[in-house]
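Consider the two complexes below, in which chain A is the common component and chain B and chain C are the respective partners.
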Partner chain A sequence: MRRAEDMPQGWVGSSPVRLDGLDKVLGRARYLDDLTFPGQLWGRTVRSTVAHARIVRLERDPAFDWSGLTFVTAADIPGENVVQLIESDQPCLARDVVRHCHEPLALIAGPDRERLEEALAHVLVEYEPLPAVFDPLASTQIFKHYAYEREAGRIDEAFVRAARVVEGRYRVGHQEQLYIEPNAVCAVPRPDGGLSLHGSMQCPFYVHRALQRLLGLDDDRLAVIQTVTGGGFGGKEDYPSMIAGHAALLARKSGRPVKIVYGRAEDIAATTKRHPAVVDHRTAVAADGTLLGGEIRIVLDGGAYCTLSPVVLSRGAIHAPGAYRWPCCRVDARAVATNTPPNGAFRGFGAPQTLFAIEMHIEKIARELGLDPVEVRRRNALREGDVTATGQRLRESVSALAALDAVAARAGPLERPPRGARKRRGRGFSLVWHGAGFTGSGEVKLKARAGVELTPNGCRVLAASTEIGQGTVTVFSQMVADALGVPLDAVEVAVPDTSRVPDSGPTVASRTCMVVGGTLAGAARALERRLSAFAAESFGGDPSRVACRGGVFREGARVLAPYSVVAGRHLAEHGPLRIVEQYSHPPGIVWDDDEFRGDAYPVYAWAATAVDVEVDLDSYETRILRAVTASDVGKAIHPVLCAGQIEGGTVQALGWALLEELRHRDGRVLNDRLQTYLIPTALDAPPIETILIENGYRHGPYGAKGVGELPMDGPAPAVAAAILDATGALVPELPITPDRLMAALGKDPA
Partner chain B sequence: MIADIPVTSVRSLDEAYAVLARRAAGLRVLAGGTDLMVQIQARVGLERIGHILDIWKVSELRHVTLDGGTLRVGALATYTDLLRSEAVRAALPALAQVAREVGAWAIQNRGTLGGNVCNASPAGDTLPILIAAGATFVVGGPRGERRIAAEEFFVAYRKTALAADELLLRAELPALAPGERLVYRKVGTRRAQSISRASLAVRARVEAGAFRGVRIAAGCVAPVPLRCRATEAALEGGGPGAAAFAAARAALDGEIRPIDDLRATAAYRRRVAGNVLEQLLAAF
Partner chain C sequence: MSATLELSLTVNGETRTATVAPLARLLDVLREAFGLTGTKEGCGEGECGACSVILDGELVNACLVPASQAQGAVVTTVEGLAARDGTPSPLQQAFLECGGAQCGICTPGMLVAGQRFLDGGAPATDAAVREAIAGNLCRCTGYAKIVDSIQRAAATPSPPPGERAGVRGPGDR
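What follows is the complex of A and B.
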C-alpha cells in the first residue's frame, strides 16, 4: 500500500492506508473500557438462571451490606419498560416473567467491581417454573410468517412433469459474532437532567430512540456517542440498546456516570446470536438438472423475544431460492419463539442460513441425477433479464455465471491422494447472491440523511454510520474526496454523535458504502458546485466551467484559487455551511410489503466459492486447504479493504461451517468461553484467493454495491460440498463437527 | 473477595516447605498460573481457595537435564523450555512435540510441566506421554521426598497422590533406547490452541518381528489419564499386523471409559481412540 500523501487524485479504486489503522495498531485508539469518567461507577446485571418462570420474589438479601451500591429494578424505569425495536415485547428488565436464561432482572452499580460481584450473589430471586420450549419445530408462538409464490398455478404440474423430485432438510445452528471487544457502554448524567451515552455500537440512533422511550427524554437532553468499536458483525446492532438502557437507569438513579463492560462469558451467554434454522426443500427437476419448480419451508428460531427476527426472516426468505431461476415456487417462512436468549443480527442476516440449504440441495440434486454440481448451478443460474421468485426482473449487474466461471478457472485441478488413503481430499463449490441495502421498502421508509460541512481545508463528513472495523471512515473519505476534488487528508469524518450528525440509518445490511456513501458523494458534489460558483463569482470565471480538482479551483486550465482560500472566504462571508441530503431510492425499484412481491433489493452482489478440504478418516477432522472466491461488488472503492472484508468473512463462515456450535442445557448457554466456543485460529485459516469482479451498478456510488455480508454466504456450503466430494457423506447440518461427520459416515467410506 | 486471598511468594524449596508445614486451610500452589488463574477468573471453586503458595520463582525446580539415560524435568520447566531443550529432543522428542501443541506462546511461556501434572485434568496434554514414557514423579515436602510412578499419580478425576504438604519436584523419564520409539497424537478439533478431545501415546520397540516394552496411555477417555495395560498386553510379544492391531483395539475399547461432554461425545472418543491407536501402531 502506498501512503496517502503519495497518492494521485482518484482515491476511489486505490488503497490508501486505512485512516483508523495506525491508532489501532499502536494501541492509541481509546475503546470504551479505556475511558474513565469522573466519579464513575461500575454496573452489573442480575440475570435469570431459568428459561421460563414467573418471578415470585426479587429482593436484596438484608444480611448483605448494600451501602454505597445502587440497585435498580423494573420499578425504577421512568418511561416504558421496553427495548425499542420492531415489536415492543422485550422488557429492559424482566418484571413478572422471565422468558429465557440470562435475562436481565435487576441492576447494581458501585465503585468496586469485586464488591459488585459479591452483591450479585446476594440478590434473592425465587421462581415458579413455567413450561419451556427449546425446539423451534415444537414452538407454537410465531413472531412472523411470510408466504410468497411465483407462478403458483404451475407448481403441481411441475411435480408431475419432473424427472425426479428431490427432498431435503437442512439445519444450521447458532453462531456467536465474537467481536474482539465485548459490549460496553458508559452513561453520563448531565446537569440538565439529560444523559450522554458513550458506547461500542453499530447504530447510534437505535440506541437514541431506545433511551428516549425508556427514559422519556427529548432529543435536546440526549446524546448517544459511538466510541471506537472493536467489531460488531451485527452483534452490536440491537443489543447496545439493552445495555445502554441498563447503564442509563443506573446513572439516573445514582447520579453518577455508570460503565458496564461485559466479560466474554456474559457477552457470549446473554447477547444475540445468529438464528438457527431448519429449511425443507422439495424440488421438481428435469433430467438435465433444470429446476422446474419447488417448495421451500423455513423455520427460524427467534429465541425468547422478537428483536429483529421479522427482517432476518424476510431476507432469509428472499434469498432461499438461491441465485437460480425458478419457473415456479412457493416459499413459506416462519420465525418462532423458544425459551433461549433472543437471536438477532449477524452478518448475512438470514441469508447464510437459507443459502446453505439451497446450495446443499443443489448438491443433492446433482448427486441424485448423476450430474456435475457446477453444471447444475450453471444451468440454473440467474442471468440478466431473468425474473426472481419475488417477481423482480434483474435489469443490471448480474454476475452469477461470471463468478462461477472465474472460480472454476482459478481453482484448477485438485491433487487427490491415492485410493484407500486415510486422508481424503475433495473440492466443493457454491454460488450465492446477496441483496444490497435494506430489504424491500426499508430504505424508502428510513429516508436516510447524511451530509458534509465545510471546513477551512476540506469538509467534515456527517453521518451516523459507524466504523466497526470494516473501513467506513476510509471509504467515506475516498468517495467524498473525489467528489469534492480535494486530497484525502482534507476530509475528516465526524464521530457519530446523535446530537451532531444526521440519521443516516443503522450500520447494517451491506448498506453503508452503497446507500450512505452514495448520499455523501452527492452532498460532496453539491458542496463542490456551491464552492465553484462562489469561486467563479469571487475570482472571475464562468461558473459552469469552474471545478475543484486536486484541491485547486480552476476554470479549464486556469487556476482561480486553492481550496483553502475559497473555503476560508466562504466561511468568512457566509458562516458555517452544511449540506445534508436524503437518500433517494433508484427510480423504478418497487416493493409491495403486503404481497411480498417486487424489487426486493435495488441490486444484488454475487459470489462463487471453491473450497478444497482434506478429511482425516481417523479423527473425522476437516482441514481447509484452500478457498477461492470471486465476488461481484460493483466497484471496490478500496480494493485492499474490500478483499479484507471478503477474507475475514470467509474465515468467519469457515468457523460456522466446522467449529462454532453454541450448546445449551435447559436453555442455559454451556460454552460461554473461548476455551469451549471455538473459533478458527490463524492456523485454521487457509490461503484465500480473492477475485474481485466489478460489474458496476448504475445507481451505486462509482458503481458500488454491498460487500459486508456477501462473504458469509458461500464458504459454509462449499465446505460441506467439499466434504461430500471427499467422503461421499452429505452432512445436512452445520457445523460439521468431527462427531457429526463420524455419524454421517457410518462406517468408513470405501 | 479474590483480593482477600493471601498469597505467599517463595524463592526456594526451603521457604516453600516452611509454608507447607503450616498446613494452611485451602492451600493452592501457583506455578505458571495458566490453569489456576483461569479458574479464579471464572470463580470456579473460589470458596475452596484459602491461601495461595506462589512457587514460580523457585529456580531450583526449573531445569531440564539428560544424565545417563535419564531425562530429568523440573516441575517448573515451561513448555517453552521443553520445546527448546536439546536434552528433550534427544531423549524423548514427543515431549517437545506436545509442548509445541499446547496453547499459544503466552501459555507455553508460563505453563509448566508440573502444573500440567498437578492440575490432573484427563485432557492434560503431556500426561499420556509421561505415563507411556514410564515417568517417575519425585515429590517432596517438610516430611521428606518420595517417588511415585506416573500411572499411580492420578488417583481419581482431578485428584493426585500428593499429600496436602507435598509439592511435585520433578519427573524422571527413561530416554528412548536405540530402536525404541514413542509416538503420540492429540486430536483437538482445531489446528492450534485446542483442548484435547482424545489423545494417545505409545512407547515400544520391535525386536525380531515382535513388540517389546509396550507402554500405552490415553487422555480424555477416562476420569484420569489412563495407562492402558490390557492394550499393552494384547500387543506385547506379538508381531505388528492387522490381526494384532484389531486385538489391541478391542482391548483398548474394553478399558477406556469415555464420557459425553462439551468437547466430544463418548462414541466419538471411543472410535477415535481406536483409530488413532491403529494409526500409531502402523508407524512401528
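What follows is the complex of A and C.
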C-alpha cells in the first residue's frame, strides 16, 4: 500500500473550523454590497404592474429631469434579448408583451439612489390587457410533458386484484428561498470593451453564457466573478443571469460600473419561487398495505416562462413514487404556464413537492386499511437489489429501512396529554430518497471539469462551484488535502471566476461534493502521483513506493523531502502545473432520455424524519416540539457542516409545512415583506436531533453522496402526518395554516 | 439642500464624526460614512436583524435608527467584538467551533444579539437563548448550531473588561 488516498490523513471525516469562518465572524467577509467600485452608479428596474398585456407605450416622462441618468430598454440590447437557459424563452427586458407582474421592462442607472427612486415613477407605461391564467389546472400551455411507466401491462390487473383502491389529491404552494442577502451584482466595463461581472450567485458559468448571448461578447472579454454569497437555496441559480444582464446593459450604455442590489420586496416579488404543484394519486393496495400498482399525475405551475421547469419536472416525476417498490405504475407529469413570475430552483427541485404527495398518500393508505403508517413504509421500502419505477436496479448504498429504524428508535415514546385536552400531541414519520447529481443524462452532457494547480506549499483548487454557506471551500480542501497528502492549510480554493477556473457546472442538485469533489480528489491524486514520481527521480527512490503524507514525501518510512522542496523544484524545472479532470459517471450508469428509463441518478441519499407536534384545538395553531432525522449521506466529509445542512434544510422545510406561502392577487404578489411572508425564527424552530448514516457509495469521493437537498424532502410530510396523528385530520395542502386545519376538521374558518 | 447633522458618536470604542442628513439611517452611516460593512442590510424594515448593533446597551436594528437618535451614543458593531489585536471573542470562537455561521450574512447580527445576551448575564438556557435571537433571522442553520454557539460561549470565561474593542472599561462613560 503506497498511494496517498489509501492512507487518509484524517481531514475527511473530521470537522475543522470552516475556512471562510474567521472572515465571517469578524465581519470582514465582503459581500457584493460591501464592495465599492470607482465611479459606480446604481441601477434600478422598471417592472410591469399587470400580469398579461401588450405594451402600447413605454417612454420617459418629458417633464422629468433625466440628465445624468442612463435609461435602457430592450432596443439597447446588442445581442439576443433572452436569458440563456433551457428554452431561452424569457426576455431580459420585455419588448411587446408582458407575461407576468414584476416583469422587467426598462432600466435606469444614476449616481443618486433617491433620484433613481423618483425617476422610476416617471417612466410611463400603457398596457392593453390580455387574458391571464393563474390556475395551473386551467392552463393550456404546456412547457414540458413526461410520461413513464413500469410494467404498464400489469396496472389494470393490479387495480382488479387490489383489496382497496386509494385516491388522493395533494397540493403545495409557492415558497420563497429567502436567502438573507438579496440578489446583488455589479457590472464593471473594461477598457478592452469587455466586462467584469461581480455578484452573489450559485452558477458563474450560467451568468457567463447568458451575458455572452445578451451582449455578443467573446469568452476572453468577459469574466464573471462570484462574491461572498449570503445564501442561495436555488434562488441564485438562474435569476442572477437576469440581474447580471440588467447591470451589464446599464454599464455598457453608461460606461460606468453599475451596481444593482435588490430591496427585499423586489427580491420576493420578482425572483423565482418553488413550483406550486398538484399531485393526484390512485393506488391499488393489498390488505396488508403492500403497494400493488398506481397512477400518479403531476402538474407543476411553471409561471410565465419555461426557465428551469423541464428539469424541475423530471426530478419531481422520478421522485414521485417515493422510496418504495412499485410492481407497476404510471407517472404523468406536466409543467404548465401561468401569468405569475417564473418558478425556478429551490432546494429539492421538484422532489419535495412530489414526496409530500406520496408520503401523505401513504398516511391515507395506512388509515384506510387500519395499519400503522410506519409499518406500511417498512413493508414497501426500497431495498438493495430492488428496481425503481424508471427501471433502475439499486445496486448499493440503499438505506431506507436503516433510516426509518434509526429514527423510530431515537424518537422513543411520545407523551400525550390526557383525553379531551384542548392541546393535542401527535407524531408523524416520513421516508424519502433523493438522487445525487443531475437527473438523467445531465452529467453526461455537462462534462464537468475541475482541477488543481501546483503551488509552492500545496495546491490551488480550480472549480466553478460556489461557496454559498454550505461549506464548499472547506470540504473541497479536506478532500484535496487528503488526496494530495498535505495539511489542510496547504490547499487554497480559487475564487470562482469564469476567466480563471474550468466549468465544473452549476452549484445545484446535491452534486458539488459528489461530482465536483470527486473530480477534484481525482485530480489531486494525479498531482500526488506526478510529484511522487518527480521526488523519486530527484531524491532517489523507487517511484512505486514513494508517496506524500503529512506534507512530506517518503519512500516507505524513509523521508525524501518536504512537499515544499519537491513542489519548489518542480515549479522551477517545469513551470506551472495544472491538472484538470473531467467527471464521468461510473460504468454501467445508463439513462435513456427518450424513453425516460434507466439509471436516473448514479446513487440516492435516504432520510427518515419524525416530528412531534402540539396542536391547539382552540386556535388551530401547530407548534413543532421536536424533529428527529436520520440521513444516509454516504460519507460526512465534515460532520459539523453536514449536520448544519440537515438542520438548516429541516427548518426551511418546517417553515414550508406551517408558515410559508407566497400569495398572489391577479398575479401580483401580496406578501412581499418579511412582516407578511414569515419564515421560522429561533422560537419557531424545534430542537433537532440529527443522525448521520454513512452507507458509503463506492464511486463517491470517500463514499460521499449528496446532502444539500435531502433535508428539504421529509420534514413537511412528517409535520402533516403528526397533525393527522394528533387531530385525525389529513390536511392535503401545504402550508397547514390554522384555516386549512379548521377546514379539514370540518369547522368553518369564518 | 436639506439640513445636515454634525453627528458624533462612539463606535467600537472610537469617537467618529460625520456630516449626514438627520434622517439618514444609522445603518448607512456605519456602512458608508465609516466603512463598517460588517453590519448587513437584509430587509430594511427591522424584521431580519442582519443590521443588529448595540446602541447605549440596547440591541437595535440599525436600519430603523435615524442618525439624529445616535447623536452621542455608544455603538458596538460586529467589528467591535474581537479583541483589539483581532483575536476572536469567546462568542466568535464558539461560532467557529460549533458551526454557528454558514453563509455568514446573518452572522454579524447574530453575534451582536448573542453578545448583548451574554453581557446581560442571564442563564443561557435553550429558551432564553432562542428568545434573545428571536429578532434575528437565519435561513441556513435552523438555529441549532447558533444556540449551541451562544451556550458554549456562556460557559467560557469572558476576557477582562476593556479587552474587547467595542466595550469600554468601567468609568469610561
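Note that the second predicted complex is superposed on the first by the 737 of 750 C-alpha atoms of A that agree within 3 Å, B and C clash if a C-alpha of one lies under 4 Å from a C-alpha of the other, contacts with A are read in each partner's own complex, and residues count from 1 in each chain.
Everything that follows uses one rule, which is that a contact is a pair of C-beta atoms (placed from the backbone, for glycine too) under 8 Å apart; a residue touches a chain by one contact, two chains touch by 3 or more.
Just so you know, these numbers come straight off a predicted model, no measurement behind them.
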For this session: Using the superposition on chain A described above, determine whether A:Arg500 touches chain B (first), chain C (second), both, or neither.
Result: neither
Exercise. Between chain B (first) and chain C (second), which, if any, makes contact with A:Asn671: first, second, both or neither?
Worked result: first
For this session: Examine A:Arg416 and indicate which partner it touches, taking first as chain B and second as chain C; both and neither are also allowed.
Result: neither
For this session: Have a look at where A:Glu647 lands relative to chain B and chain C in the superposition and call it first, second, both or neither.
Result: second
For this session: May I ask you to decide whether A:Tyr620 touches chain B, chain C, both, or neither, giving the answer as first, second, both or neither?
Result: first
For this session: Mind working out whether A:Arg60 is in touch with chain B, chain C, both or neither, as first, second, both or neither?
Result: neither
For this session: Based on the superposed arrangement, let me know which partner A:Arg30 touches: chain B (first), chain C (second), both, or neither?
Result: second
Exercise. Between chain B (first) and chain C (second), which, if any, makes contact with A:Arg115: first, second, both or neither?
Worked result: first
For this session: Look at A:Leu683 in the shared chain and tell me whether it touches chain B only, chain C only, both, or neither; answer first, second, both or neither.
Result: both
Exercise. When both complexes are superposed, which of chain B and chain C contacts more residues belonging to chain A?
Worked result: C
Seminar exercise, completed: After superposition on chain A, the chain A residues reached by both chain B and chain C are 673, 675, 680-683
Exercise. Which chain A residues qualify as touching chain C in the complex?
Worked result: 15, 17-18, 20-31, 33-34, 177-182, 228-233, 263-264, 468-471, 640-641, 643-644, 647-652, 673-675, 679-683, 685, 687-688
Seminar exercise, completed: Listed in rising order, chain C residues that touch chain A in their complex are 31, 36-45, 47-48, 50, 77-79, 81-82, 86, 88, 92, 95-99, 101-108, 111, 126, 129-131, 133-147
For this session: Provide the residue numbers of chain A that touch chain B in the complex, in ascending order.
Result: 114-115, 117-118, 265, 422, 617-621, 623, 659, 663, 670-671, 673, 675-676, 678, 680-684, 737-739, 742
Exercise. What residues of chain B sit close enough to touch chain A in their complex?
Worked result: 1-3, 38, 42-43, 187, 189-195, 197, 262-265, 267-268, 271-272, 275-276, 278-279
